[in-house]
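First the structure, then my questions, so here it is.
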């Protein structure tokens, strides 16, 4: 198998040569913005939306990568191209990240000479770790670690200073094997997990936390679009643990697997404790949009969307 | 000049080969803890204190680097040794950092096989960028970006998810060239800068922000020791902008240059707008402790501690 | 030029004789509520709306000025009348303010004898200081001083205990000449400036901060009306600095000049860094409503609304 | 009786001619800093302390009155002098206030031509309204209006943007005649009243709220000095309503009457519901310091300190 | 008169024998959830809604009473049945409460043997205490005691750990006889009283506090339904004291009397200080829904809805 | 075995007849204050301190039980007396609780006729459930449920509106069998558990959370006294999870067992993960104070204090 090719700072290099300096501000400050796009049948899903969001993050952090969104789109498509062919059933994750570049002081260089770091790389999407999400459903746990408030840094930027998410995962890992940390904000509202948006269904409507303390995820946006098509109300509001414990259904929305059922919170079942009918409707619409059965793909055909 | 040697994950490698994987959780999550120790006359200053704090950070983040503090101390001394000789006037900065290792999912490896990343590297301490601190004094500015509260992640750990510090610097960079961002906490209390503790003098005593939202810096600890020796009260309390604007003196305490005068906040002079007598007394005691004139070293002899 | 006439506590007096006692609670407590109405072609704009809001402020502060809104309207129109004629191009600002009257203790009078102070005075609206708003656009800066929360006193009252606005202006004045302080609330949401509401445009809609920490400005209300006429969505929501940095357009809405383009925040350009198309559409509708070209009036014909 | 003389902006004028412009920023913004000093036997009490605090307020607000503290002291003494003689039993209150001067826009003048407003005036201290404080004790009530937090403006400055105090008084006036509003901060801690510091006694010590949300009153400082002399611990800490309801004694400390007993909070008695022994000890020491019986002076000899 | 019958833990017992153990967690922890349903003409009003909400509270507290909602409904109807007949004009209040049962430690029993406590009991609805609500209107007062935030326990559960409500009532009882405490949340927003939802009318719409810090009362839900029928907008938003002081009308919504006029807040009149036209419209619709005149019933025919 | 005797509202009744009415405000509002005192060798430990604290709680809640502390002490001693003899190794827990009495409305009685409920009862102290605390050490877990802030109700009162503690226990029960919930306050500081104070040891000193959000426990007070005797610093300060994870030792202080070792927080070991030397020193002093080996008593002699 040929080595994967990575775009890094203007060059296309073999993955084994794609490194970040130990004094890059990615490493020294965690001052990194990022995106992750997946393919469906080799076609990147909503790449333009991801690139646009990356540029909003860049504007917020004042990192100038020296490329237009169109130029970065071209590079991205080339990176995908160079890393094909895949077998027919494989999908790629395409990762972008940008940093302000190296820390001049550590490197003993003139600060004005420092250039941003920009990288686009791919990895084969593996569904194995997510399989149980559709077979058993997800258990979310609210740790005591709280989400960073937006006046420190705004979660509408997709960023990598994620120590709080890491600590939250550590807090629950041992006692709740397989569970996922769902962070509360400083006021106790449900926000998001380290890798996904969280949503609930109640009385036939989808309710999502406000964007105050959550990323406006591309999967979340897709759900809102599907809801609009299907006539399902999509409501943004403050959601508390009480609401989740009394929801009809709950979900994680995340790029690799689109939308997965959450069936338990803090060991208490949500709704029936099983995937619900709204999940199925939304996934079926999504399947049509992308031309494959998402559940079947993730579970390796152990379950299909129709069987949820 | 021979290349510098870096300790990385059990090996001593040339700096040009010391990289972090683009899927290390340093890069992907900013989940990194760190220390920076400096030498005085080639001797690392309070290395044991730095190593002990690193192990508190490791305990908090549950990263097990597989070495005892003693073993890491030995490695650290070897790294220093290997990167000597310096000229007589040169000093080294010794940086440690540790991460939970690569992101298993991106790398397609078994999570249980992931090992932490541990690095110790040096760089020559350059005093040039700090020279003006002693010649002109520092200007601090309170940006609107606020410090992350400790219930998200605790600043008593020295960490590298520092997006808020980066954003704070960006906010003030253009309008206040040369100034340094001094972050307020969510309640408006003064905390710390991206690289230093902040302290003030008032009526013959040193006042420092509480440790709620600040690192317990090694320089800050050293100042407290010196104050105890000199009979200067050292008081921890909530400090607000009003207090700084009406302080007699103010300081930044930071490893590379120990203790520098802050003479302005938000364009308003502090005290006389010049370095004050307590600064001189503390630095003189520090000079004795380390056997050199800190101010002279930083300014290349343009000014001496006695001339402050 | 004859002296201007001021209504003060039941009398119409020459401006040179219109004073506030040094022991009036305006001076001693800042316990003053106020309004500022402007004319267009000598006709006061939405005077009834201003008077109604003044009475809400009076009710909140429990100051009884002893006049009905209708009586105060009559007085106000008389004050305007007495201070005409102006040249054809001049406009007036009409200021109302009311206080609980003198501090009985300082004045050595019986508290029950104290009467509220009520004043209505005019000044010629000068557009010169605002000219650059339309020629260059406004730069807003978010200082570290935060807006007073409504549980201390509610900004839906138009009041004059404005020390926070004054301090905010001082904080940024020297480093950002010509810029205007845009205060954040205690949660980091954008609120208002000392003299204007703030709004942004995004994806064809106008977004305004909620009324939790902002005055419901008459210009802001006018914009909402115009938006309703033009089919532009007008949305109230929490707005953070991230949103402003990524807005398409931004504005200050304020009585003297109606609606001005904001083109920069904290030195970062907003949208294209220039006035945008929604501004022009709204101003054109406003021009029709008032029968003159607002931009031309403010800029002395250096620019017209059509040229934005 | 000759008219009192007021120092205003460089001139000594009769009180009837001492006015503030209706467009002074005292009136328009409440942007005023102030002090109130009283005499004992015609001698101003701790004038230097008051003047020093005024200059801290001026530094915080960046108002430059163009006088040194020494010059202002001289002026102050002259104002006192000019307003003597009093009868032997009279005392004066000396008020200073300073503002940034008129609002240039309203006055149509060049902003650079605006000069600060500075005033020093006196009034005869009347004790009648305070008499019942010593005869009956004070009733404090905690309204729902909260104190402004220091990140908006810092109460260590003595300022006149006091709308919250005014609203707090209005909230309780009708239902609690004669009671005084004791404001809580945003966290529910007891702070201060509109005109006094608040303190309690518990187990032989005096406890005072921290300076986070209270003025460092001169009377409060005097109490701390007296406590130090008498060996009474003086402790700063967060004080909640629970603590007041269970205190042994409670007090208001304020310039006109030094230290008065608080005997009730929210209709619940404090301690025995009567003045307590620590009050008497502190007042006796104060009496000695100033050479008269404070209680006797305030009550017109109806009660003496010894009778408390 | 025969004794009333109470359902308690599986048995129907005479009221005189219906007790709670002194070591039940109702008594020891206040860990009780509850409902109160009233009858109209002997028919329980929205019993299904009350039972459904009780089960949400049970889910949140993880108390398993071992009955389905249907079974509990049957029991409830039997309790009502057993406690009829009433005279034609009498109504019943039906109270449910459930607790986790006794505290095993105090009772020296095996924790696994503890069973929840479940009770359903009735009492004759007395209208006498509410009569003045319709004859004079209600006075609400905002005490300094604040509502418990939902991250401690969520008010969407109907619970009995109500110490804050009790303390709030005590705070205002003596100075405001007959008034009702309306609690603010930690941000100063109006929430609810100890026994009722609070709503206001403004410009022809009903505005209710959000559900963040208030129970979703069944009366409140009924009002929303009636508003939908009548075309009256029903808006949830943050409401502050300012809004109440400037509302056109205000109300308490509570099971025993449905909807009562609030005419005063903190001694200030609301609107005209009298019941308003929207109250009458809503009550008339409610009267039709339940087949009687609510105002007449409460006032013993001293006033009718039509006379409001 | 004869039945235990309970003091209830003026009478001494057999425990089987000691009930609380289902409409007592203990049950309806959780408006209960309480104390729990234990015996050592039949002698109540610090009964005076417990009674004094109860009266502070009564004063705060304005419940007047109609007895002096001395009278209640006599009753308490009689209750103890009546429930002796025990075997030589048995100890009693003495519980006091008081409520404002029944809810007049539910009981259809005149509110002015309602009398407070006052109860004193005993139970045999069982050590079995605590045995493992000394054999294995305690595991504390920080749930997402937060402690009620003191502006809602103050934890310095010992109260029974404890829904938050109950919910916190439920949150962790299933995943952390045997662990104890340690609640954080709204700012993330460590507070207390449902039944104990929490303390840590660091560098030879004992550190306790401030009393802002914790009960001033009698065991905690005893530890402070013992520390004073032994020359161990006892420091009150804000303690965060970081501090606990890096403490040398940690403890629960609670009446039944005095002081127990905490060896784990959120699955991370504290210090060595075993009881430490300061625990032993403090317990040894305590043993002397009470004349028995506390550890031996709790563990049934499986371990002695000397073996810790």
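Just so it is clear, A, B, C, D, E and F label the chains in written order, and each chain counts residues from 1 on its own.
Just so it is clear, a contact is a pair of C-beta atoms (placed from the backbone, for glycine too) under 8 Å apart; a residue touches a chain by one contact, two chains touch by 3 or more.
All of these numbers come straight from a predicted model, not from anything done at the bench.
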| item | value |
| --- | --- |
| Repeat of interface B-D, chosen from D-F, A-F or A-B - more than half of residue-number contact pairs shared | D-F |
| Pair joined by the larger number of C-beta contacts - A-B, A-F | A-B |
| Separation of chain C from chain D, taking each centre as the mean of its C-alpha atoms, in whole Å | 33 |
| Inter-centroid spacing, chain C versus chain B (mean Cα positions, whole Å) | 46 |
| Residues within chain B bordering two or more other chains | 60, 62, 144, 146, 149, 151, 184, 188, 241 |
| Chain B-facing residues of chain C, complex | 141-144, 146, 171, 174-176, 184, 188, 241, 266-267 |
| Contact footprint of chain B on chain F as seen in their complex | 184, 187-188, 238, 240-243, 245-246, 268 |
| Chain F-facing residues of chain B, complex | 56, 59-60, 62, 149-151, 154, 156-157, 210, 212 |
| In the complex with chain A, residue positions of chain B that touch it | 6, 8, 18-32, 60-62, 93, 95, 97, 100, 105-108, 119, 121, 123-124, 126, 129, 144-149, 151-153, 159-167, 170, 186 |
